[in-house]
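These are the structures, in structure tokens.
You will see two complexes here that share chain A, one where it goes with chain B and one where it goes with chain C.
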Partner chain A sequence: MSLRYRAISWNPQKRRYDAVMAASSGLYLALFVGVSAFTNPNATIETLLIRAFGTAALLLLHVILLIGPLCRLQPRFLPLLYNRRHLGVTTFVMGLAHGGFALFQFHALGDTNPLVSLLISNRRFDSLANFPFQPLGFIALVILFLMAATSHDFWLKQLSPVMWKRLHMLVYAAYALLIAHVALGVLQAETNPLLAGVLAAGMIVVLTVHLLAAQREHAMDKQPFETGFVAVCALGEIPEKRARVISLNGERIAVFKHDGKLSALSNVCQHQNGPLGEGRIVDGCVTCPWHGYQYLPETGVSPPPFKERVATYRVKLIDGVVYVNPEPVGQDGILSYTPSV
Partner chain B sequence: MIQRLRKTHRLIFIALAVLLPLLFIAALAVRKPMPVNQPFPPQLLRTK
Partner chain C sequence: MNPTEDEPFYIGYQPQPPVGLRRWLRIVIVALLALAISTALLLAFTFRRLPLSVFEFGVEREYVGVIRAQPYPLLLIKRDDRLEQFWLVGSGKHAADVNAFVGQSVKLRGTLITRDGLRMLEINSSTIKRLNHASAEALPTESLGRFTFVGEIVDSKCYLGVMNPGHTKPHRECAVRCISGGVPPLFLAHDSQGQAIALQLADAQGEPLSKEVLDFVAEPIEITGEVSRQGEWLTLRANPDTYTRK
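Here is the complex of A and B:
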């Protein structure tokens, strides 16, 4: 991987994404405060803001958690993935506003430091009904902060992709902490079944979609170990300028068909492990569907000045059947054939 | 590396699919009814 920092630059698509996100967040907050002020006239503005920001942050976190597996199951959702980083940062900001108002409302008026008060004022760890649910939200907020702060590609390079990915998997811990934060917190007093219903529905959707996607990937990984060339599909099964993704010996390989040639590359993008085989050949390059990193199909190397490289594999075509050797090679994973018209 | 991540992700979600619903149901089960104010005894009301 190159040491060069490679910015994914601003473009109209990104601006549109951010505009839609900002407008829907603003609309949600305004609607929530407006409707609650009407249905619950005794609530103070602080309470309404705490609730509006808290629910908005949790809602956004659900969207973030759903984007990944939904894209795996249905490529139609790919545009959502493109700028997921900004969704994450917005979630943190909303969570911070919620936590900040809550800290002010419940912990700032005593003689103890509000953060200390947050952590020590309730020590009923032995009781589910009275459990100190606020520190759970605080830990989740710290995780969201770490993720937002390191979400830039600069940190991906500094931390190494493995460490970065591990850190960002903490989002699942944050999600579990927040379910506990709400279930052991506001749900203990809130008898209106709406909140419990919405929380349960969100949880069922997140868990189901992740399990379905994971199960599909697991089924693909379970194939027996192979040596030598392995028949993977018929030539006709690969659409022009696109790929078919196969799993050989635990590695995902994308077999691309383009201009009378076949080439097999690792399916794993060097940027953030995006699935190259779900992308297309654009301007002669395999283009990652997530953020557009490019690789030459012949060599697996990014076009200059970039220096990323993915492994390539040898391909054979016999009687219209495509064979791939699971042993990665250097520069010669390409095969020419005469396309039948 | 990517296969290990996939495996970790799958294990995390199998664990969450068991633990989160359990936590949610337990949280609903331990809920106590909110105390309700009894109406003020009329004999204590004094109207001058």
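Here is the complex of A and C:
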């Protein structure tokens, strides 16, 4: 059995995911260009393609940014997260089409190398309204490229999850750069307030959903420092084959109940930091809700041939109350205490 | 965040999503398609409707006339006692290389670029053939006096039709490249009646301008200078160091 390769290779649900993604992107591009050809008959086709790809990429980026916090707020969105990587790669490809067309259209066939021209043609760094907006799009494109290029699990391993996560947090920098790219670029010429309104609405939605999700996480992490066993909840509060997530001394711990046993593991999946406590026990294993990585509840170790391991914690059950010791034990291979219920 | 009700659990690598999620997933898919459709339509209807400009891309015609430089290269064609005037530019973001032909009658092939009655030809200098007949045609220059305008510097080639939109902020870098490559700079302003006018820019001596104006392109600029008329065209003469940003 090769669980990890099952998790990252092609499978029917990924194909469906990609089909929906391709259909909606294709529909977007075709509609934008097709309808603009009538509503804006004098615009050149290059302009329409540049706009279609640019706006499609930015719309997709909004969807990508929303998936994470939406899943924290409502687990039913998790199917969108499963193959988010392909959304990211598609965003990059559309951004590249937009940037590539723009680079050719506005900078090629001239007296200067197009990439140099991109960086030096506008020198009005001293003015907001005239600020060079194209280099902002270029930097964002470079970030999207780095993320797309390292999105495969191979790079997650090569770079180490911490570095990888840091690199992929740059998506927020790319987003900010692109907002500036549009606000200081096309919105300086397009006067219809609806366009600025659409951009602002997108920002407000992204910000609100992030704040709501962050608020929930924050409320959970506000516990005081504890030593020794800490009462966490009544046994009845944990549903069968599922977990309750608690925060002890800054660490999130998932306490699973399954087949008359209790076990406590780190809530942080070794793959991409997915919240294990929002997963289930499937086939006797703790199963991550993001991409389905699995861990044995007793040891925190992935079933062979995999070697991922998360920390485990000691658990006690006294008078129907579950206690957890925030001192991790699983890392050195000691079994967690698993009282029969 | 802690599960309370019995939610279906999605595992991507299983062949099918759990039964309890399928209806929801159909709703999500429809919502995503609706987002794509509505955003595409909304944006297609809200971008500014652009005015007509023409670039007969791929269509080359033969033109016979006299090449002059006033101060930028142009072709004068005599038709029924009237002189028609076309700026001449090269391919891409380059000037037309016609120095060897100034003052001569020629036959050449070019692609028409036109907007609001102003005309330009994109030519390949290697198609220019000298003709042996006399060529006296020249544009008379009529001085109109000293004026102040507020307007925008654009590159004539894109503005007249090669790109649309071919001016304002999003087009700034392209206009810089074109003017730097020798495409004549045009100044879009308004006359005292509020009519839109376009003037070709020259320095105070009437010589062509190129790199000197790059930092003033595609933003509101005030220029005071001597205006003259050459046939259908206006020229504004002023040194770029007297241009001011508005």
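Quick note on the criterion: the second predicted complex is superposed on the first by the 323 of 341 C-alpha atoms of A that agree within 3 Å, B and C clash if a C-alpha of one lies under 4 Å from a C-alpha of the other, contacts with A are read in each partner's own complex, and residues count from 1 in each chain.
Criterion: contacts are C-beta pairs under 8 Å (C-beta built on N, C-alpha and C of every residue); 3 or more make two chains touch, one makes a residue touch a chain.
Note that the structure is predicted; figures quoted are calculated from it, not measured.
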Who does A:Ala189 touch here: chain B (first), chain C (second), both, or neither? both
With both complexes superposed on chain A, which partner does A:Pro75 reach: first (chain B), second (chain C), both or neither? second
Based on the superposed arrangement, let me know which partner A:Asn42 touches: chain B (first), chain C (second), both, or neither? second
Please name the chain, chain B or chain C, that touches the greater number of residues in chain A. C
For A:Glu278 in the superposed arrangement: first (chain B), second (chain C), both or neither? second
Check the residue A:Val116 against both partner chains and state whether it touches chain B (first), chain C (second), both, or neither. neither
In the superposed arrangement, does A:Val162 touch chain B (first), chain C (second), both or neither? first
What is the contact status of A:Ala129 with respect to chain B (first) and chain C (second): first, second, both, or neither? both
With both complexes superposed on chain A, which partner does A:Ala180 reach: first (chain B), second (chain C), both or neither? first
Footprint intersection on chain A (chain B / chain C) at 129, 184, 188-189, 191
Residues of chain C that touch chain A when the two form their complex: 1-4, 6-7, 9-17, 21, 24-25, 28-29, 32-33, 35-37, 39-53, 55, 91-94, 163-165, 168-174, 176-178, 180-181, 214-215, 218-219
List of chain B residues in touch with chain A within their complex: 1-3, 5-6, 8-10, 12-14, 16-17, 19-21, 23-24, 26-28, 30-32, 34
Residue set of chain A touching chain B in the complex reads 128-129, 161-162, 165, 169, 172, 175-176, 179-180, 183-184, 187-189, 191, 196, 199-200, 203, 207, 210-211, 214-215, 217-218, 221, 250-252, 268, 273
In their shared complex, at which residues does chain A touch chain C? 6-7, 11-14, 20, 23-25, 27-29, 31-32, 35-36, 39-40, 42-44, 46-47, 51, 55, 59, 63, 72, 75-80, 82-83, 105-112, 117-118, 121-124, 127, 129-130, 132-134, 184-186, 188-192, 194-195, 198, 216, 220, 237, 239, 242-245, 277-280, 282, 287, 289, 291-292
